[in-house]
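Each of the two complexes below includes chain A, the first together with chain B, the second together with chain C.
Here is the complex of A and B:
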C-alpha cells in the first residue's frame, strides 16, 4: 500500500495540472466573458472563497484522519452510497476529461492537424494515458511533478513576454459588468477550482497525513495565482478578451511573441508544451478514475477498468457535433455539474459524515 | 508482469500506427507558394481585388506571368477579382497549381478606397486566419494596393519579406510613421477607448515634382490652439516633416514609401496624418523613440534649427466636466541641437532659453494641431485618451452609455509642455 503514497510536491502538482489544462484552453475567457474588466477582482474573490470552502471541508474531514471522501460516503450510507458516489465521480471525471480532450483536439486540428480526424487525435491522447497508467499511480504523479515546472515556466514566459503590451487602464471600469456579476453571479466561477475534488480523493495517499491542510491551501493559492496571472494578462493585452471573443486567446498571445527578429514563431514550442500538459493531465485523471473504480470494485487488476475508462472518454469525445456544442458542454454543463458534484454533493456527504460521527461520539461518551 | 509488458508494447505499436494515418496529407515545400504581402483593392464593379506578392524560390528567374501578373526582382504579384478572401486564395491556387501559404506574409495592404468603405469583415477574416501571423504589418496605401505591391522592389535587401520587416523599423529613427501590426490594429478596432490607425504608404515615383506642402490645408483650418504664439514663422508648413507618403521630394527610382498615419473611425478610413503630426501622436502616446524636427530660428527668420528629440514623456489626465472631456496632457521633452548656423558662439544661457521657448511653442502648436484635427475633423481618438477617461466610470454599462468614442469630438485640450535643450553635440555643451 505504501507504494501508492505520494509526497507534498506530487500532491500539489496533481491539482495544478488540472487547472493549468483548463487555463490553456478556455477558462480565463470564460471568467472574463462573465465579468469583463472585473475578472482579476473576481479571481481574487473566488480564490478567497475556495480557501474558505476548503477550510470548512477540512474541518469536516478532521474526524476522518487518513480517509478519503469515498470512505466517508461508506461511513454515511454504507457500501451502496459508496458505490453511487464512486459512479458519479467516475462519470464526472470521464465527462470533464472527454470534453477537455475534445476541445484540445479541435484546437490542435485548427492549428496544425487540419487533415487529421479529431477522433484520431483524441485516440492518440487516450492511448498515451492508458500506457502511462500501466506504470501505476505513483509513477504518473512523479512524472507529472517533473513536467509541471516546465509548463509553469512556459506559461509565465507566455504571459510576461508580452508585458510591454500591457495597458494597465484596462482594469477599468473596476466593477466590470457590475457588483452582481462580479460577486454574486461571479461566485459561480468557483468552478475553476473544481480540482479541489482531487484533494478529497488524495487524503488516503499522503505520506504525511498532517500535511493535508498545507497541501490543500498551497495548491488552491497557487492555482489562484496562476489563474490571476492568466486572466490579468489576457485582459491587459486583448480588449476583445472581455467580450469572450478570443476562443484561443492564449494561443494568440504565443503567436505574437517574438524576441527581436531572431527568435520568431515560438508558438510551436508552446504547442509542444501544451501537448505535454494534456498528456500529463489525461494520465492524472485516468489514474484518479482508476483509483475510484478499483476502490469501488475492490479489484487489483486495473487493465479492464482502465480500458473501459478510455472507452468512456472516447465516447464522450464523439458526442458533440460541432464547436458550439463543445463550448456549451465546457462552459455551461461542466460549470454546473462541477458546482453540484464537487461543491454540493461532496459537502453534503462530509456534513452528514461529520454529524453522524459526532453523534456516535456523543452516544459513546454518554454510554 | 510479462503480460503488462506485452500490453504496453502493443499499445505503443497501435499509437505509432495511428500517428501514421496523417502521413498522406503531408504537404511539402514544393507544393507551396509563399506569400510575402497581400493587397486589398475594390474594383469599380464593387468586387474585391486581391493581390498576392509571392516570393520566388531561389534559382527561379521569374516564372511565367499570367495576364494579371507582373514581377520584380525576387517576387511576382498575382491578382484576382473575387467575392471573398478565401475564394480569391482558391482561385489563385488553381491558377498557380500550388497552394498559397500565408505564414510568411509580412504586410497586409489596403487601398485608401477600400479602407474608406470599411475593412471590418476583412479584419476578422485575417485575424482568424491560422497562417497569417498577428505580427504582420497593416499598411493603408494612398494608391492602388496592387500598384503598391508591384512597386515594392527592395533596393537594399535581397528578400522582399526582410524588406517589409526592416522598412517598418524606420519609425524608430524618424518618428514620421508608426509600425502597426495586425494584432495592434485589430485590438484598437475592438477596443472601446481608442480608434484604430495604420501605417500610411504609397509609391514615390522618385521625381521631385510632387509638392509636399499641399497636405497642410486642413491643419490650419482645424487649428484650435490656444497658444499665444501663432505667427506663421512657427508653422510646420513647408518644413521637411510635413509630407505624407508619396510626397517626399526624393530623386531616386520608383519605390514604396511609408510616411504618416492613416486614421480610422470604426473600420472606415477618415483621414491621414503627415510626418510631424505622427511625431505629435508618438509624443502623446509615449511611443516616440527619436525624431528630428526643424524649429524656426529665433535669431534669423529664414533659418531653421534642427532639434533631435529624445526621452519624450507624456502624462495625460482626462476630466469630465458636465459630460464634456477636458484633456490635459503634460509633456516633457529632451532635445539636442544638432545643426545650426555659425552663430553657435552666441549660445548663451539667454539664447538657449529663447531656443527652448521657440521649440516649446513650435511643438505645442503642432500638438494642438494634431489634437484638434483628430477630435474635430476626424472625430477619432487614436491617441487612446479614453483609457484615462475610463477610470471615471464604475461599470461597463456606464462606460458604454457614455460612449467615449462619440464624445471625443467634444473634447477640449490644455497641453502643458516643457522642452529641455540638453546639449549641442561636439562643438559646445550646455
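Here is the complex of A and C:
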C-alpha cells in the first residue's frame, strides 16, 4: 500500500489552502481593481469558468486513471517532455511561492515586525516549510486539513462581523467598469484558480481515484465561495477606488471590526491565522515541488532537492527591490505565467495525450 | 629527648603525604565465559546429589541467606527415596510446606506403607475377579497421591525452574527422577487493594491496582465476566526475569494489534526493566517524543472499560499501573470520571479540560506576544494598567515570566519530594513568595502573577501526568517563541506542534484519530454521546466486533 495516499478531506484542503493564501494577499484587490463594483459578479463568472475548464480537463484525463499530468506528458513526448514540463512546473511553483512569501513577509514587517529584516522573516517561513516536509507529504496534508477550518471560520467571522458596516450601495453599478471588463477582460481573472494545477498533480495520490471529480469540483466551488465572501466584504466596506492601501486587503478590513470593549482591535488575532495559512501554503507547495523533483530524478532522498527548492524560493524573495516590483511580479507576471502554464500548457499536454491515447485505441481496435 | 622526638614527628607529618583511607572500585576484567554462564541451559540430572550441588552453586547457597534447601527421606509405598525441597524464604507459605508437602511426603501412614499394587479398575463376575492394576511408578505416585496441591508442574529445565522458584514457587527434587516438581505456594507480604491516589473519582469504583501481578489480573477478571478475556504472560529481562501480563478480549481486539504488542514485548533485549514507565519507553512508537503514546492508569475500572473498547492492557509485575494501548490525544484529556457522569456534565467537564489544555500550553506565550508586539489588541485602559503595574519591575517581561515559571516549577517539585507533613508548608511558603512578596519587592508585576496562577491551575486540570509534563516543556518553547516574534513565533510553534501530532502513531493508530485522519466521528468523538447512543466501537481501532449495542438498546421503551 502506498503510504502517500490521502483522503477526500486532505485533498480538498490542499487545494483550498493554496487558493486561500492568494486570497489573503492581493487577489480580491486585484479583481476589484480590474472590475470595480462588478467584482462579486466577476468572481461568480470565473468560478463557473473554472468549473467548466476543470470538467474539460477531467474529461481529457479520463483515459489516464490514477495518472497525474507528468505521466501524461511522458506518454505524449517521452521522458524529455516529462522533464521539460517538470522543470517548468518547478520553476512556476518556486516563483509563485517566492513572490507570495515576499509579499506576506513585507506585510508582516509593515504591521509589527519593523525591526526584523524581510529576508529573515522569509527565511523563517522557508525553514519551517523545510522542517514540515521532513515529516512527509501525508502529514503535511493532514496538518493543512486541521488548519483549514480555522481559516474558513476566520473568513466567515470577518464577513459576519463586518456585515453591520456594509454599505449595499457599493454594489452599484452592478457591472462596474462595464460588460467588457467584467466578462471579456475579466475572464483573465481566472488566474485566481491557477492553483487547480495541484489537482492534476494530486491525482495519483487519491485514496479513491473515483473521487477525483468530486474533489476537484468541491475545491473549486469552495474556493469560489471564499473568494466571493472576501471580495464582497472588501467592496462593501471600502470604496473600490481606495483599494487595500497596498497592504493585505483582507487584513485591512479586519481592522474595521469592532468587538465589544475588551479588545481594542482584533486584527492581530487574524495575523496568527494568516501566519498559519502561510506556513501551510509553503509546506504544500514545497511538498508538491519536491514530489515533482523526486519523480523526475527518481530519487528517494529528498533532503538535497528540498534544500535546493528552499534556496530557490529564498533567491526569488531577494530579487524584487521594492513594493512596486513585488506588485508587478504578483499582478502581471504571475497572472500571465499562470494563464500560460496552467490553462495553456497543461491543456495542450492533456489534449495531445487524449488524442494519442484515442488514436492508439482506434489502431488496436482495427488491428 | 621525648620533646625532640615529638618535634621530629611533627615535621615529618608536615612533609609526608596524607595517607587517609581511600577506596576506589577496581576495574573487573570480563572473561569471555563467566562461571555463571556455564550453569545456564542445563537439564535436571537424574542424580539427586548432582542436582543438589548444581543448585548450591547456582544459588550461591553458602552466602545467600534466604535460599532454603530441606533434605529429607521421601516415603512411598514402603520405599524410601532421597529428596530435597528448594524455596526462597519470605516468598512461600511455610505452613503449606509443612502441612501439605513435607507431611504427606515424609510421614509413614498405612496406605503409604502398603506395597500392594494400585488398582485402577476391577470387574467381578460370579466366580472370577478381574483387576486392572497399575505398575508402581514413583513419579506418577508422587504427582497423583503425595502432593495435595492445586498447582504442580513437572519441569526438566533448570532455567525454567529457577525462574519459578525466584517468583515464589517451591521445587521438589527426588533421587533418580530427571525432573523436578514445581509447586506453586506463593505467599508474601503485599499491599492490599486501596483507593486510587492519583486518579480519584467521585462516583466510580474505588479499587486501584497494586504491585502484585496476579492481584491486578484478578481485579480485571472480576470486572470483566467473559471467558474471551485473555491474560497472557510474557517474561521480560535477562538478569531480572519479570513477568508482564498482556490482556485483551479475544473476540473484540484487533489481531494485528495483539500480535504487534506481543512482538514488541518479546523482542526486548534488556537485562532488566524496573517499572512500567521504563517499559513504556521501550515499546512506544517514537521514543524521542515528549508526548505520551501509551496511557497509564491505576484504576481497574478504567483499564476494563478500555479493554471492552478493544484495546490492549499490559500489567507489569511490581508496578501498580496498567498500560493502555493504543491511545489518542483525546483519551489523555478524558477522565475516568466522565463515564460515571450524565453525558451533559461529562461534556461540560471535557470542554473545560479542552480550554485548560490550551491555556496551559499558550497563555504565557500569548501574554508575551500581546504585551510586546500586539498591544493594539488590548483596550487602552487595560494596557495602561499593565504598563503601570510594571513601572517598578526592573526585568523585561520574558525574564519576569521565566522567574515565575521557574519558581512555580521549583515549588511543585519540592512539594512532591518532601515528606507529606511538610508538603503544606512548602505550599504556604511558595504562595507567599510567588504572591505577596514577589509583587511587594517589585520583582514581578501583579498581572503576571494572575497569568502564572491561571496557567498553573489549568495544568492541574489535565488528567494525565505525562501529557502535563509535555505541556510544561512546550509552554517554555511557546514563551520563548512569543517573546522572539509575537504571533509569528506562536504560529511557528503551533505549526510544528500540529505536524508533530499528525505524524505520531500509537501502535499503528494515528494520534489525532478520529479527527485526523477523519474516521467515523459520529460514535467516537471527543464529546460523549448519551449511553444509549454509544452504539459503535472506535473506528480507528478496527475491532473484530464493531457494535456495542443495538440501535434501540432500551427495548423496554418499545411497544409490544
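Just so it is clear, the second predicted complex is superposed on the first by the 358 of 367 C-alpha atoms of A that agree within 3 Å, B and C clash if a C-alpha of one lies under 4 Å from a C-alpha of the other, contacts with A are read in each partner's own complex, and residues count from 1 in each chain.
Convention: a residue touches a chain if its C-beta (ideal position, glycine included) is under 8 Å from a C-beta of that chain, and two chains touch if they have at least 3 such contacts.
Predicted model only: the values in this text are computed from it and were never measured.
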Simultaneous placement of chain C and chain B on chain A, clash or fit: fit
Touching partner for A:139 - first (chain B), second (chain C), both, neither: second
Touched partner set for A:79, first chain B, second chain C, both or neither: neither
First, second, both or neither for A:358, with chain B first and chain C second: neither
First (chain B), second (chain C), both or neither touched by A:147: second
Touching partner for A:124 - first (chain B), second (chain C), both, neither: both
Centroid geometry (CA): angle chain B/chain A/chain C, rounded to a multiple of 10 degrees: 100
Contacts of A:174 with chain B and chain C, given as first, second, both or neither: first
Touched partner set for A:36, first chain B, second chain C, both or neither: first
Touched partner set for A:108, first chain B, second chain C, both or neither: second
Partner chain(s) touched by A:116 [first = chain B, second = chain C, both, neither]: both
Lowest C-alpha to C-alpha distance for chain C against chain B (Å): 6
Overlap of the chain B and chain C footprints on chain A, listed as residue numbers: 113, 116, 124, 128, 131, 261, 264-265
Chain A residues touching chain B - in the complex, by the definition given at the top: 36-37, 110-111, 113-117, 120, 123-124, 127-128, 130-131, 134, 167, 169-170, 172-178, 237-240, 242-243, 245, 252, 255-256, 258, 261, 264-265, 303
Residues of chain B defined as touching chain A within the complex: 4, 7-8, 11-12, 14-15, 18-19, 21-22, 25, 130, 133-135, 165, 181, 183, 186-187, 190-193, 387-388, 390-391, 393-399
Sites on chain C touched by chain A in the complex: 370, 373-374, 376-380, 382-383, 485-488, 490-492, 494-496, 498-500, 502-503, 512, 515-518
In the complex, chain A residues that touch chain C: 7, 9-10, 108, 112-113, 116, 121, 124, 128, 131-132, 135-136, 139-140, 142-143, 145-147, 261-269, 271-272, 275-276, 279-280, 283
